[in-house]
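Common to both upcoming complexes is chain A, partnered first by chain B, then by chain C.
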Partner chain A sequence: MSDRDDTGGPPEISSARVGSPAIRVDADDKSTGRAVYVDDLTFPGMLHAALVYPGCAHARLLGVRPDEAIRTPGVRAVLTAQDVPGENQVGVLRSYPDQPLLPHDTVRYSGDAVAIVVADTGALAREAARSVRVDLEELPGVFDAVEAMEPNAPRVHPEREDDDDRGLVGNVFLRERVRKGDVDAGFEEADIIVERTFRTHHQEHAYLEPLGAIAVPGEGSSVTVYGTMQCPYYVQKAVATALGVPLADVRVIQTVTGGGFGGKEDVPSEICACAAVAAAKVGKPVKLVYTREEDFERSSKRHPMTVTYRLGATIDGTFTAADIRIVADAGAYSTLTPIVVFRATAHATGPYEIPNVRTDAYGVYTNRQTTGAFRGFGQPQTIFASESVVDEIACALGIDPIEIRVRNGLAVGKRTATDHLLDESVGLPETLRIARERSGWDEKREAFAGDAGRVRRGIGVGAIYYGVSLGARGLAIDGSGAHVEIEPDGSVRVAIGGTEMGQGLHTVLAQIVSDSLGAPMHAIHIGHVDTSLVPDSGPSVASRTTLMSGNAVLDAVAKLRESMAPVAADVLGVTAEDVEFGPGRVGTRERSVTFAELAAECHARDVATVADGWYKAPVTTFDEDGQGDAYAVYSFATQVAEVEVDTETGAVALVRVTAAHDVGKVLNPVTLEGQVQGGVLQGAGMALYEIMKTEGGRIVTPDFATYILPTSVDVPEIEVAFVEEPYSKGPFGAKGIGETPAMPGAAAIANAVSHATGIRFRELPLTAERVKLALG
Partner chain B sequence: MEITLTVNGRERFADVGPTTTLVELLREHLGLTGTKVGCGHGECGACTVILDGEPVNSCLVFAVQCAGREVLTIEGLADAGAASDSDGERHPIQRAFVEVGAVQCGYCTPGMIMSAYALLASNPAPSRSEIERAVSGNLCRCTGYVKIVDAIEKASA
Partner chain C sequence: MYEPAWKFPTTALEAAEILREAAGRATPIAGGTDLTARLRSGDERPEVLVDLAGIEEFGGVDLTPDPDAVGQMTMGALNTHGALARDDLVRQHVPLLAEACATVGSPQIRSRGTVGGNVANASPAADAAVALLALDAAVRVVSADDCEGDRAGLPLEGFFTGPGETVLRDDELIADISFDCPAESARSLYLKAGQRKALAIAIVSVAALYEPEAGLVRIALGSVAPTAVRARDAENLFESEWPAGDCEAVIDAVAARAVGSASCIDDVRASGRYRRILIETLTRSALRRLCLDLEEDG
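What follows is the complex of A and B.
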């Protein structure tokens, strides 16, 4: 971030306090083309890599014959599994070592690249990669998780031994469960029981910047890796593992990152490790950037899930029991599936107090692209199921759908499905109230029901909760660091372990520093993550980064205030206890100095103006029966969707969305609103447009001409409202927002389409074809 | 083959191959990396530049087709702003994107701004739906487009 003074051209960045609108600190660089993304970087002598693909989804790998490619002028090396100097494993969870960086005997999905070609240019490398001969013996594949559970299904990992005691048999490698109360007794009490099965599909992240990495060999066995990523510390470990070198030899520097949404959580480890292995081999910097088609093949997706949901309620709409079965398609490797399935299991009831719950979830291998983190992390799929059944029960009992959610919804003093007694920061009731009011729910619900013409209107609701940060089954470190250093001129350098991927982290952290330290916004310089500056701070995922990095920064600032306050007091002739650090100035109401003056004085007196901060998340629990305080705190949201369904064509138009989100505390209303608007459209994409089609496991919609994203002409009117139920341990009371905007949309839209048509849809997306077929 | 063209008001020479695209010429030969590549097939709009006054996907235009023609990229946009409403360093559209909050990850931003520039050059006071149609070839996965359309509306006012 460049320095900006008041005489320059860029719009002035105000000294915005926390809670007031602040201009993004990176917006000027990004709107002038100055922001440097990974593919914009070059290094002297840099070579380019490309990957060799198997051309099928499941095969025995007999050999790789690179002879022709190696003879091509400009080609420097071809690497296969034998050339991985360290351990040939790249999966993020060390307890599931099932994913080689380069497969050596079996190809398990169509993106399972078997070799790396290094050449003078990217075009040359890609052309040579196509000339590498791969000898394969094709095996029967399995492309659907439910089919993969059949006893005679082809096995994706036949080397795995069955564990009958734990029910891990065949392609089932993971089980999670929740047992609360007495489910059979709960259904006995019920006056109505509804059981339905729902199916969801793969969804592509479609961040605009494809995955890319550059590895630059350094002294000895050291390497510096640049890349677009959410989790530099994952990459550091993956590169060290693949190279067989100490972590201290691997420095990872995040470049400006063009979107993530979960897709750049664990997957960048693969491309960065490939680049690092290639760079180590040729002794020169190596760049590897995926084409869009490769990005589709090699990146993770939202898990397709088959969810059977059985819910019982008494005549007054009180839920008595839920019985839920979740089958998640992990694709060829486990990657993040154990953590995604944990989250889906813990939250599967939706945001309701239900005394008796039985949830069983399965993670299943198939020969499909791997599935992993995507905004909502396993929850949008189960929410589609739970929110549809809740609606169906409400309608059957003649109770308003929002009213039934209010009656059963979580509130302070109520218990989640994991028996977590909620004692603070539960904004669900308020989000339901606001969404109902702002959307005009009551009038529209009644008015739309009378539609009888070709175009029928509908209005539907979806409510959710989301455990912030990693929770009890998270396997990464749930702490975060920060390093804050004040220069003699009052400029402040802040290094953090959390990543800016577009969500606006750097801006809210600058606001937090400005507000708590007294330095003006324009003086605060926040860098992208460099693993050599800040210790392992875990991943930037799970709506945790503002909370974790924000608290780490506040910890460092508290130390700086402690050392600087006596200096200010001495200069001003006041007592240190009376010194306040406000934006731009430090002191008391009557007497103060500018932050820059105080910085200069501290330097002149040899007072420390550097501090490290650390924040560790509270301990969470989740026992064998899925009981415990699974997450420290939860974010809540309610979205109401209005649709118009053309009964002649089946086309669904999304007209209006009201999004009410409990975030604990609004830090920057402008960026927060932008995050929600974007999430709403991602939810609409999942509900209405986005289908990944495959043939024999290979994606046949690997581009934006065939995989249809919402565009600017598909945007509904979006009203965003915030609820602030402060979290006592959050920075200024803030919780998380990253995930929740994309979560309730699909359920709300499906419920709205049902309201319009009288037909329940149990499979997404609601394309015109699917709706028209159902309408007859 | 050697070509001459005007890029951001300056005459530039380049030695390009028959299949070199305009975006490769800009990024790899001329070092103008502000123009982004999101798909390489003209489907995402991230590489949008102005060629003789018209917006094009620079990944779909061969460099040799640009010989003797004029190209405007995000790097040259500020100078293309009218003197009366430009601050000399930022074009009003750029200022509006920053002030309104239309930028998130930023990868679509240069192309989006160039499409907006082309729209406002031919239609200085577009309606909201005209703006939505004009940038419908520019994909954005972060913002939901609302603030992007707000920014273009603000820049047109």
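What follows is the complex of A and C.
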């Protein structure tokens, strides 16, 4: 079903209504190879950059000797920390100024590049970069967050002063907490208490397109930066900071982006600022594109977490208290850890009403790759812990695991761990019901328990909730803009601040514009973000973009309708109040004009056909004790996983996943299903395969031959079901979907493996080796 | 910048002469699936690449019938894994090899990677090589001095001298690989444990072949030592004990003995400890299925 018309003329009715399976607006370009990614772009006189790596994970940087590289024909410049004209800081959170763009005295992880080489070609630049001599005095490193908390651990940032009052000592640079009710009294009431410690590991985003940037110097001190990214406004600030120029001098244009998953939230700021600093130095366009191995070295990962989870329940399975301790490995710099840890802390109980909660979380420096945003944003790790313990309690009490979740699960009228009273759009109970029914849970749970052969089957569940958008720690950047312009021929130009990174944003926004403005789908042209067109709209993260950009677009459309309705009314001889926009036409049931005719008429009459839109997220709160309406609204999901464990080799095959997701409103069922399928696979990767192995802080699995991702052959049968509990402030009732599909999977799979084997696994991933050694 | 010269010989002699002349500065390339990775990383930088693709005499699969015994099969070095996995002769007479080739990499890799490259590359994990080792295959080597191939029957066992190392000299090429087809009644299995279902290098692989009439098994192991190895002690134990007594106990003992032929290490894919467990369980499982017709069910 296509909304395109090959004859070029607008079909009479071709508005793709919200909720319809409209074909992706970028489908043709991406499937034919016409889409232009950053590495496809070139500019006159463009030079190429490569980075110089230290070769170890922790060292005093004594000097960089580029003499040999500079003498190489074709090499134009070698830049070090001294060559950063502005402030040598690149971290996204200004309150944690701990990350230099180029380190000047200390190297803190193996990807901490110390110099930039600029040359005529990329290959030359890379070869010359290898010939740059880096004088280092190696220091003992610390590669594990729990070890980094020991008093004698090597300090990653010795320049930081301890703050004993706030418990920020040594490598601990961050604490978050939740205090609700009386935890000790809650455990007194409990008939059963289970306490366990869980560990998760680094996970790579593994987007198809590695990081890349091109900086093109312009007039005066201005620069235009092109790159693959999720957050052009972060890049704009980082480049302005590094160059020491006003924000207005920096224009950032997002190129077609081949996946992000959080890995292109703050990290592109580094590569873009490096390219910009180099371009400013040589006065020519400079391209910097990472190889896959470099991307592994330089990009952020999912935080490894050590989570100790203590849960109390009465004999009937009612939870009475939770006591949770989270240690998050931030890597060498704080980057987004404060926001990730905030989210992990706020949601640490999982989607349950528990009257007494104590959560303490720590962000800890180590000499490893920085960790930051990754689909789920700190939650999949704590969910693995909470959902495992919930399962264990259920089994100990002889209560069905789904039943115990229903009994304690959030619903309208219940309160979250931050004491947020939920008053609308809580689809958890329905996702639990649907997942149970569609997966055949009851029969399989019983049938699989009888397996005794070589292959043992198991079925397990994971349930989650996810605060949509940035919540209380992201207030200053939680607004989004849109700019909508209608041309005389009825084509519509839409500029937004949110990024398309493969998730299908442009398609659903085109549907929203089409549905609300009455313009046919093919007339709507949505561009990638250009920071000169739309004001700072915050990041495209946290499942906020459809919600935020969608509402901003709707705000602009409402203004356009207001100015266009009287024109339509006049032409048609009806009253303006009766004019309806869409689908495909504007007017009343009896009399209507095409959208193109109306656009022409508006232009002829000099009526404004341009409008800006803005949407600001509702106010959220999170006080010192972690109490408040931490997020405006939550998405909910339940996934049921079925596995087969080969007891001979220990290999776990993921056979089937039933994924039930409350999304508020389905805007496009096909792109939505795609989101869920991809997320399920990322959850499976975290649960079963992916592990970033290191030696002395250096990655020894820096490519797809050694870092094991699930392949198409490992894809289980995936059944996706949607629950629509509309959110009153969402576009057409929609909430976010980006993150939730990747969240419950690891927990559900681990619970299924436990059902199959009778063994509880508390460290991921469940590789064949780990399972086999446990089976004995 | 690295830019090797490419040569495109069309006969074995021509290729061999290029190699002799280059005296170590040239490297043959077949499918390129192993070599390209090393060129990219800079681990290998030959001045000349000798592309074997145009050498017709390095292709083909032939079965020479022998009225008194099983036939001899000869396969040119340039046969790809995909072609062998699909080849009717191979599937009929040596399903072990077809199965092993079918587990190599992905469809793309199987349609480029060659059996000659798999053997010459001498990875201890090379799937086709492990199966060929169990088949008692021999390698025909040619060089400019010896194009008829005096070194015609180099047994594969002994051909590998270490990871990535063989007895091949710089100026020698693998022309083809041959072996006697197993008896009609023979049964075989290729079991491979990897880190995922496809596109997986073996953590351990076991090629097992059972010849009921002779009362023999042949067992080759991959990824358990510096080279692919035969588990000779285990084979001998089987020969001396089978089928007297408790068959299952014999199989258990043979599987345990197979571990002795390995010298497992910890690497990026798995620990030596897990490998040793896998050798025993996979060998046991294979032999139970082959010799007792038992699925491993308990």
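We adopt the following convention: the second predicted complex is superposed on the first by the 762 of 776 C-alpha atoms of A that agree within 3 Å, B and C clash if a C-alpha of one lies under 4 Å from a C-alpha of the other, contacts with A are read in each partner's own complex, and residues count from 1 in each chain.
In this text, a contact is a pair of C-beta atoms (placed from the backbone, for glycine too) under 8 Å apart; a residue touches a chain by one contact, two chains touch by 3 or more.
These figures come from a predicted structure and were not determined experimentally.
In the superposed pair of complexes, A:259 makes contact with chain B only, with no contact to chain C.
In the superposition on chain A, contact is made by A:711 with both chain B and chain C.
Once the two complexes are laid over each other on the shared chain, residue contacts for A:680 go to chain B alone; chain C is not touched. Once the two complexes are laid over each other on the shared chain, residue contacts for A:26 go to chain B alone; chain C is not touched. Applying the stated contact rule after C-alpha superposition, one finds that A:309 touches neither chain B nor chain C. Once the two complexes are overlaid on the shared chain, A:700 sits against chain C while remaining clear of chain B.
If you count the residues of chain A touched by chain B and by chain C, you find the higher number for B.
Of the residues of chain A, those at positions 705, 711-713 touch chain B in one of the two structures and chain C in the other.
Remark: chain A residues 121, 123-124, 127, 452-454, 648-649, 651, 653, 689, 693, 700-701, 705-706, 708, 710-714, 767-769, 772-773 touch chain C in the complex. The residues of chain A lying in touch with chain B in their complex are 8-11, 21, 23-24, 26-37, 39-40, 205-210, 256-261, 291-292, 501-504, 670-671, 673-675, 677-682, 703-705, 709, 711-713, 715, 718.
Looking at the complex, you find that chain C touches chain A at residues 1, 37, 106, 193, 195-201, 203, 268-271, 273-274, 277-278, 281-282, 285, 295-298. Interface residues of chain B facing chain A in the complex, by the touch rule stated above, are 27, 32-41, 43-44, 46, 73-75, 77-78, 87-90, 94-95, 97-99, 101-110, 113, 131-133, 135-149.
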